[in-house]
Amino acid sequence: MIYITRHEHFNAAHRLFSPSLTDEQNLEVYGKCSNPNWHGHNYSLFVTIKGDVNPDTGFLMNLKTLSSIINDLIIEKLDHKNINLEVDFMAGILPSAENIAIQVWNQLESIIAEHGATLHCIKLYETEKNYVEYYGS
Amino acid sequence: MIYITRHEHFNAAHRLFSPSLTDEQNLEVYGKCSNPNWHGHNYSLFVTIKGDVNPDTGFLMNLKTLSSIINDLIIEKLDHKNINLEVDFMAGILPSAENIAIQVWNQLESIIAEHGATLHCIKLYETEKNYVEYYGS
Amino acid sequence: MIYITRHEHFNAAHRLFSPSLTDEQNLEVYGKCSNPNWHGHNYSLFVTIKGDVNPDTGFLMNLKTLSSIINDLIIEKLDHKNINLEVDFMAGILPSAENIAIQVWNQLESIIAEHGATLHCIKLYETEKNYVEYYGS
Amino acid sequence: MIYITRHEHFNAAHRLFSPSLTDEQNLEVYGKCSNPNWHGHNYSLFVTIKGDVNPDTGFLMNLKTLSSIINDLIIEKLDHKNINLEVDFMAGILPSAENIAIQVWNQLESIIAEHGATLHCIKLYETEKNYVEYYGS
Amino acid sequence: MIYITRHEHFNAAHRLFSPSLTDEQNLEVYGKCSNPNWHGHNYSLFVTIKGDVNPDTGFLMNLKTLSSIINDLIIEKLDHKNINLEVDFMAGILPSAENIAIQVWNQLESIIAEHGATLHCIKLYETEKNYVEYYGS
Amino acid sequence: MIYITRHEHFNAAHRLFSPSLTDEQNLEVYGKCSNPNWHGHNYSLFVTIKGDVNPDTGFLMNLKTLSSIINDLIIEKLDHKNINLEVDFMAGILPSAENIAIQVWNQLESIIAEHGATLHCIKLYETEKNYVEYYGS
């Protein structure tokens, strides 16, 4: 069993805001992250998959394939976008780093399996000081 | 003559869009950076000042002072803000990295001089792949 | 179950020295790290907690809360301090990176639990070349 | 139980090429990595060991000892070398990052055990965008 | 006058070897870098240009244009290549970091000028510990 | 004319304290950096030299030579030391980053010249947030 990780980037705008809270409560919970005019981040995404090394190729999965999957299903949809307004798999979901990581997992889990590997971890940096990791439910 | 540099961060949303261009021209010039729903970045700001070392303190300027100036005049205004809509010193100015760096210089030049040093360079990273530097006109 | 990590820094002096060893043995075991005049490091501390995402907030724990806990209980006590002489939770304990990580865990475990999350890992870099990780006993 | 990690570097040339594949298949699988004139990388190697802290020293293992082991058995053999042609423990093995990590594990596992610790993980960066991790079979 | 810098990467093999020196002299001057079986690096290239900000676009030069120029003229020729054997603009030139930087400058100077900017600096990292800078003769 | 830079590290303890100031003034000027029990840093030192490329070797100066000079004259004296108490070239000098950089310059300037190059810049990081640069008086 080996683990390989691919590191990709996207730059996006978002706002932390819960429709079930009042404006005052939103400000109290999310502080400046609730700014109605949005703010944004350079997100750093690490996708880790696991499985056996193919003895013919020396690879768990070809990194070109893994990178294409991540770019087609995740980066194209998030990069230079507004996560609250424009990302289909985030519709109706509060775009905290936690929730983005969980939804990225949901987008990738089955297609990684179709390529003979197992999704192991989604790690997402929102800033250099904070990151989340999700290993599936 | 010694140079000291302070590194600060801010996270903001922006959109590259010129009102003197048509929508098609904006898309052609700015690509996905012209997204009307905004996108954002973790900006990295390096402020370099120069001058003589004070023989009593061993400092060119106390870094606490320099950091306070940058935070009060720049970071407070940009962090978790929409640069197109909410930053007084960027009003009416296209928020390219070039223009942000020039306006940061304009905000800091005189106050650094009042503290007995000379502003030398504003260096601004928009992503890990791109940065601009401005040394005054 | 999601994991979130907060990254903080502190700069401190220390000396590796065991009172149960002779001076010659200390020098043999700890080399230049046993310098009686001290040396120091920029320590990088990563605190990882785990738990469920609160569906109302999208957060496992508010990062402002987590950062405050770490700063109040750990950083304030270690930053710009002599770890051998001045840090209450290191009294009588040899300040190796291993031991610092274990004591940081001991300081944080119960208060993280009081906030509804579980402490998962303390990761401590002493230099870019070395780090330790502690997951509890 | 504590985990300590040592970070080392080596710069080497290699080529991805499987003798069981035709030239066309090699190009299809490995792309520009199959260049018969070689290419190379600055590899970043992280060796993690685990075990109990020695109460006399405060160490799991002296980092000088760990670093010496890694340098003698791994870095000396790989640094400024051609991995396909010159590295005894890679003879006949396709030098993918996956396979290098597995062979580094095989070189280190028993000697780490002789020093009273347990090898936990070999993590190898080939570029900033890709890394592999191996925890034993 | 503003300066903008684009950061690109390439991974290549090379060997330091002077045909005007004997084998013993080559080993003495270049050490393990003269290995006849090659070694390699992840090179980091920073291209800095300078000029005036276009008031219509807010740009000195569109970064997409700058990136395309660097990729077409430099990265395509160096990435996953043997610098001694396969790179037209390095033919007959000892591939030290100094000489690579000078030749990259020579490839880019006129085309940057055709786009209305001035090439200012080529900065090339061979490893994290060493870099060279060239500002023209 | 080419510029080459070598990056080295040292870990040291220091205290900012001016004997010409009272204790209260020291605390006011230097804050927690005046702690009489010391604190410390992982310093990052960049030494830049300039000159012409030797057409026989492709080098401005052999990096092994440059590294040996820096290690013998600077790193050996500062690493794992108390800068206030143990470093000959800092005796009687307040160990601010500014003053350390100036004294490192003074140690290196003539020996770099003896090797046919010119010292250009000493750049010293005290933390990731602050650095100083000195180019000679």
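In this document, chain identifiers A, B, C, D, E and F correspond to the written order of the chains, with residue numbering beginning at 1 in each.
Throughout what follows, a residue touches a chain if its C-beta (ideal position, glycine included) is under 8 Å from a C-beta of that chain, and two chains touch if they have at least 3 such contacts.
Quantities reported herein were computed from a predicted structural model and do not represent experimental measurements.
**Q** Determine the set of chains touching chain C that also touch chain D.
**A** Touching chain C and chain D alike, sorted by label: A.
**Q** By the touch rule set out at the top, what is the minimum number of steps from chain C to chain E?
**A** The least step count works out to 2.
**Q** Taking all residue numbers at the chain D/chain E interface, are over half used by both copies (same) or under half (different)?
**A** same
**Q** Which chain lies the greatest distance away from chain C when centres are computed from Cα atoms alone?
**A** Here the answer is chain E, farthest from chain C.
**Q** Given the two chain pairs C-F and B-F, which is bridged by the higher number of C-beta pairs in contact?
**A** C-F
**Q** Between chain D and chain F, tell me the centre distance in angstrom, where each centre is the average of that chain's C-alpha atoms.
**A** Measuring from centre to centre gives 34 Å for this pair.
**Q** As a quick test, compute the distance in whole Å between the mean CA positions of chain A and chain C.
**A** 29
**Q** Approximately how many whole Å separate the CA-defined centres of chain A and chain F?
**A** That pair's centroid distance is 42 Å.
**Q** Mind pulling the chain C residues that touch 2 or more other chains?
**A** As it turns out, chain C has residues touching two or more other chains at 128.
**Q** Treating touching as the only link between chains, describe the layout with one word: line, ring, star, complete or other.
**A** Contact pattern: none of line, ring, star or complete.
**Q** Considering every pair of chains, which are in touch?
**A** Applying the touch rule to all chain pairs gives A-B, A-C, A-D, B-E, B-F, C-D, C-F, D-E, E-F.
**Q** Quick one: in the complex, what on chain A touches chain C?
**A** These residues of chain A touch chain C: 16, 18, 20-21, 29, 31, 93-99, 101-102, 128-135, 137.
**Q** Within the complex, which stretch of chain C touches chain A?
**A** It comes out as residues 1-8, 48, 53, 56-60, 62-64.
**Q** Can you name the residues of chain F that touch chain C in the complex?
**A** On the chain F side, the touching residues are 9, 11-14, 32-33, 35, 37-42, 79-82, 85-86, 127-128.
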